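First chain written, first letter: the chains are A, B, C, D and E, and each begins at residue 1.
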Amino acid sequence: MKHIVAPRIRPSLTFAALSLVALGAVASTALAQQQPAATASAAALDRGNVLKSPGIFGVFSTYKVRPELYRLANAQRKGMAAEVTALADQYKDKIIVDAYLTRGLSAKSDFLLRVHGSDLAAVQKFMVDFRATRFGVMCDVTESLVGITKPLNYITKEKSATLNAGLSSASYSGDAPRYSIVVPIKKSAAWWNLSDEQRLKEMESHTHPTLQYLGNVKRKLYHSTGLDDTDFITYFETNDLGAFNNLMLSLAKVPENTYHVRWGSPTVLGTIQTLDSVVNTLTTTK
Amino acid sequence: MKHIVAPRIRPSLTFAALSLVALGAVASTALAQQQPAATASAAALDRGNVLKSPGIFGVFSTYKVRPELYRLANAQRKGMAAEVTALADQYKDKIIVDAYLTRGLSAKSDFLLRVHGSDLAAVQKFMVDFRATRFGVMCDVTESLVGITKPLNYITKEKSATLNAGLSSASYSGDAPRYSIVVPIKKSAAWWNLSDEQRLKEMESHTHPTLQYLGNVKRKLYHSTGLDDTDFITYFETNDLGAFNNLMLSLAKVPENTYHVRWGSPTVLGTIQTLDSVVNTLTTTK
Amino acid sequence: MKHIVAPRIRPSLTFAALSLVALGAVASTALAQQQPAATASAAALDRGNVLKSPGIFGVFSTYKVRPELYRLANAQRKGMAAEVTALADQYKDKIIVDAYLTRGLSAKSDFLLRVHGSDLAAVQKFMVDFRATRFGVMCDVTESLVGITKPLNYITKEKSATLNAGLSSASYSGDAPRYSIVVPIKKSAAWWNLSDEQRLKEMESHTHPTLQYLGNVKRKLYHSTGLDDTDFITYFETNDLGAFNNLMLSLAKVPENTYHVRWGSPTVLGTIQTLDSVVNTLTTTK
Amino acid sequence: MKHIVAPRIRPSLTFAALSLVALGAVASTALAQQQPAATASAAALDRGNVLKSPGIFGVFSTYKVRPELYRLANAQRKGMAAEVTALADQYKDKIIVDAYLTRGLSAKSDFLLRVHGSDLAAVQKFMVDFRATRFGVMCDVTESLVGITKPLNYITKEKSATLNAGLSSASYSGDAPRYSIVVPIKKSAAWWNLSDEQRLKEMESHTHPTLQYLGNVKRKLYHSTGLDDTDFITYFETNDLGAFNNLMLSLAKVPENTYHVRWGSPTVLGTIQTLDSVVNTLTTTK
Amino acid sequence: MKHIVAPRIRPSLTFAALSLVALGAVASTALAQQQPAATASAAALDRGNVLKSPGIFGVFSTYKVRPELYRLANAQRKGMAAEVTALADQYKDKIIVDAYLTRGLSAKSDFLLRVHGSDLAAVQKFMVDFRATRFGVMCDVTESLVGITKPLNYITKEKSATLNAGLSSASYSGDAPRYSIVVPIKKSAAWWNLSDEQRLKEMESHTHPTLQYLGNVKRKLYHSTGLDDTDFITYFETNDLGAFNNLMLSLAKVPENTYHVRWGSPTVLGTIQTLDSVVNTLTTTK
């Protein structure tokens, strides 16, 4: 029986800082893989900075491993994880790679990669090179979402001071999250044809019941209208899936929900892991 | 011709206890596989307790066997069932595994696993390890639903005393169920935007006609908003599919049904079997 | 060039009897395969009785043959039909198997099996054993529908005497049907929320224009709410597809049609054949 | 580089005659393949007569060639076209086969067969035998539509004299068509619940703007309610795709369009070719 | 690690000229591949002229590489790019081929070909010949869109002088675009049933907010009603995806958006590359 490596406990400091921007900040995962003991390699991106900045691309790709991988002898699958990790390291000055194991929790994928970078072409190069590894040629892409980070649209200090203060005053205080959930969202033409004031009002109703969950669910928002077939990619991390379920119910119960034409489909639920752990898990059989 | 092992007759005691929680309690299946004569292994979970508790995760995964399994000689398929059963036994202190044969009754799957545990990561580990067995590498996942149990929402002693009493007073009295049906349910934004009082009223109308079926259909409810692309997973066991058809018709005939955006799709109908029997059946050819 | 065996001409007697129950009775197909000259085997089910009784399960499964079948030499495919027919014979005291060739007329399947039995578990056992034959392991299931027969709901002597008499007075008088059509039907929540009286009124409007087609289209109805993702499975046999097209148009032109959320999808059109003929046709190449 | 054989120029006489029946007459394609120099074979169907008659079945099947065809050596693919053409010749007294190359223009198919015959079982036999040829076993069916020809419903001399005269007075005068387009159409329950008079009025509005395109787009209509999951199969031939695009826009701009629940999906665009040319093109690599 | 060749910087002159026709002009891509140093070959099409002319067909095909390509040794994949490029060169007097790498950014494809020509049959011949190359036989088509260019419909000098002037006065002034986005659009029957004046008014509202993006997003429009299952194919090039996202949001916020029944599905995002680079990238592994 194979063992899934427990996700690293990450310093809460990063999260506290990020939680200032509700729906705009999630600290993340397998930092380790971006920080090997390489000597001469380029300087790695500053993770905290990248995750807080606007104008950063986030590419979410889910993959299924093809059965032929398991027709290889275990020995032939050895080293695949190291090869993939080394590739991510080569790109560490341009992109940040996070990995999630979805097998067993999502029907349409075995794992998810979330890749951040300020240059989308560089992100694509990594994605292409990943597919050219021995492990990558055994994987099929099952979903691809491309988003870009932007400053807050609605709940700003200027437009909605009280709620903005509410968002800023709370910070994540739960255990290190073990789970992430990705929910693509598309809104109807009726939504986009509301006035700015109407949309602000709806987003205030949307935001109010979520304040109580800032302590146990982290969130980050990506904008993707025109870049793929959604308007938004919402990303969550939590260690308390019951609280997350309640958060999502509270979002279902506001009028803004009546403007959704896509909310999930797929909802991607996975465990936060290092890239090395994900590939190791998927390349090992008894 | 291969023989399908008849489902074990389980003591009605368990069911009587569970039926106190309508739509929240279904006794279950192949208990045997969780109770081998292992000596030194960890203590198995208490099945009745797990099935009655809130905060328990239920993962439902349907699988199709890939044709390549049948290109193996019968001899090569020998032992696959024992390997899978042994794996489930290793996890018996963390999870409970129920198995159902759906081949011949559902187009999109050959079998269903329902796995309960209080730690979703442990459930995932089992799912991943199952896929790494000789049988598991031959299977494709075709649907995955993740839910969590919660206390009753609507028909409680406080909010709806008479109906609650009705639910509590009846218990399953039919033959040991041979069939299970899983029906994922998603409700519209209009539903979630009703007031709590309105939803309670609708759920009372929903519950009333179901009382008469408590004697021959067992039910259990899982909440999954945000965990997958449904809001609820409803699980049923019965030995009387005609009665079950009538129950479902009675649920179709109340206004709550007008708020469904998903009701089935897929409906998963299978026979309740031991895990050993399911794998044996699917790995044997003439 | 291979020859498709013409469907057997069946005695009209059976059909005359069955046509008493409009939308509830279709005589059927390849009776021969249920009546081999076996000596010691169990008594076969009484076909006419089974098809007229309520509480009988009807399982409809469509299959596609995988291309690998045709990579086998013709000699390796020899005997596959006999093997399948022998299997059906072993079950003849429990189930009735009808077979239809859909290749060339339906994109999603090559053949259809319709299996009747009073014990659904026995039907499943046959389905599972069929998939374990040399032919069955080469087939993929593409659709599976499960229904149960019930007494008439609406157009009874009591509720709608004139129409009931109209249904009873006409009988099929056309040539032996060569074609069957299966049309799954699902109705909206609005339909099910009508009162019994309103639904009766709509079904009377539905039934009236169909009387004229009793002479050349046979029909049988199965109820499947909760057993699969439809509410009804409607089954037709005819030798006059132009008349059938007109019948379906007349059903499209009544208000009841506005309550359909599924009508077909798939519509399964095939020719009525013996099981032996279907398997022979699909296992022979030039 | 392989060469696609240019479609034969067919005598305009046939088309002039057929264009008398607007939306009911399209001359056709690869007549040559139905008229080999066979001596003793049965008399071929009269093409013009078949295409003008009511009660004729038209089966439209699209196919994709499986990649394994191209793993065969070119030599092994030799003769496949001749084999298929010979098969069509054997059936020439019962059916008429037209072939279209869709590769490069439609994602879901490589070619389309349109087969006419008065006996649907004979059409099916050909379809089945085609799949049993060396080429056919390498093909997957991706869409299957079954229709039947009928006399005009709405724009008749009796009901709509002026429009009927307009349809009759114009005839196709363009270059020999090189392109065909197949568009399946399904109408809503609201359409079918209109009165005959209302539907006639809508069809008059539908027909009026199409008169100007009779000279450069040929059309033929098949009825398929109940035979597959559409109500109509509309078939077009043209050499002027810009004019065809304008024709379709004019049909989009009338109220009848608001009753469509399927219009295309798929739209099948291909070039008109001989059966021999289609198979040759698809079985040849560099 | 493989290197993705940076798209060539193309002279801005071409784009300045094309930008006169808003939503009708996008300069393009890998011009180099159409201009090899061939001596005796036919004269290449004039790219600028083709892209500005009405009556030109544009075929958009997306492809996925099948995994079997990567089972070939690297040596066996050598020369595939040259073979494809040589094929495009043979057609350079009839068609113009543009190539885009979508792997890593779109789930359903690895690359996109956009092919222009005045004769659709010639475009098809190229598409067919491409599939017959060693690389092409390893590719599956995942989407195919066929459109035709037309003169402006709405925002003309005559109908909407001010907006037309606005469109004409601005020209692309950003960096050479590295990204292209293809968005298929289908409009509802309600849209097409508006009067010409109403549609003009809506298109004016649609056009107004887009003027500010002429400087950093190029656009080209193809009409496809009846040629495939969309009404329009909109094609964009940009180097500023944030601006593009804002452009698409501005198009979402006008009433015309309420008439969309398809907007994307798929949205195809890729990087602009030479055909040689695309094939090289996809045929190289480590």
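The working rule: contacts are C-beta pairs under 8 Å (C-beta built on N, C-alpha and C of every residue); 3 or more make two chains touch, one makes a residue touch a chain.
Every value quoted in this text rests on a predicted model; they were computed, and no experiment measured them.
Undergrad: State which chains count as neighbours of subunit B and simultaneously of subunit C.
TA: Touches both subunit B and subunit C: nothing.
Undergrad: Counting in whole Å, what is the centre-to-centre distance of subunit A and subunit D, each centre being its mean C-alpha position?
TA: Measuring from centre to centre gives 49 Å for this pair.
Undergrad: Counting only Cα atoms for the centres, state how far subunit A is from subunit B in Å.
TA: Computed from C-alpha means, the inter-chain centre distance equals 30 Å.
Undergrad: Name the residues of subunit A that each touch 2 or more other chains.
TA: Within subunit A, no residue touches at least two other chains.
Undergrad: Based on the touch definition given at the start, go ahead and assign the chain network to line, ring, star, complete or other.
TA: Shape of the chain contacts: a ring, since each chain touches exactly two and the loop closes.
Undergrad: Going by the contact rule set out above, which residues of subunit C touch subunit B in the complex?
TA: 55, 57, 59, 61, 66, 68, 87, 90, 120-121, 123-129, 131-134, 137-138, 140-144, 146, 148, 150, 189-190, 192-193, 223-229, 231
Undergrad: Can you list the subunit E residues touching subunit A in their complex?
TA: 1-4, 67, 70, 101, 103-107, 178-179, 181, 183, 241-242, 244-245, 247-249, 252-255, 257-258, 260, 264-267, 269, 271, 281, 284-286
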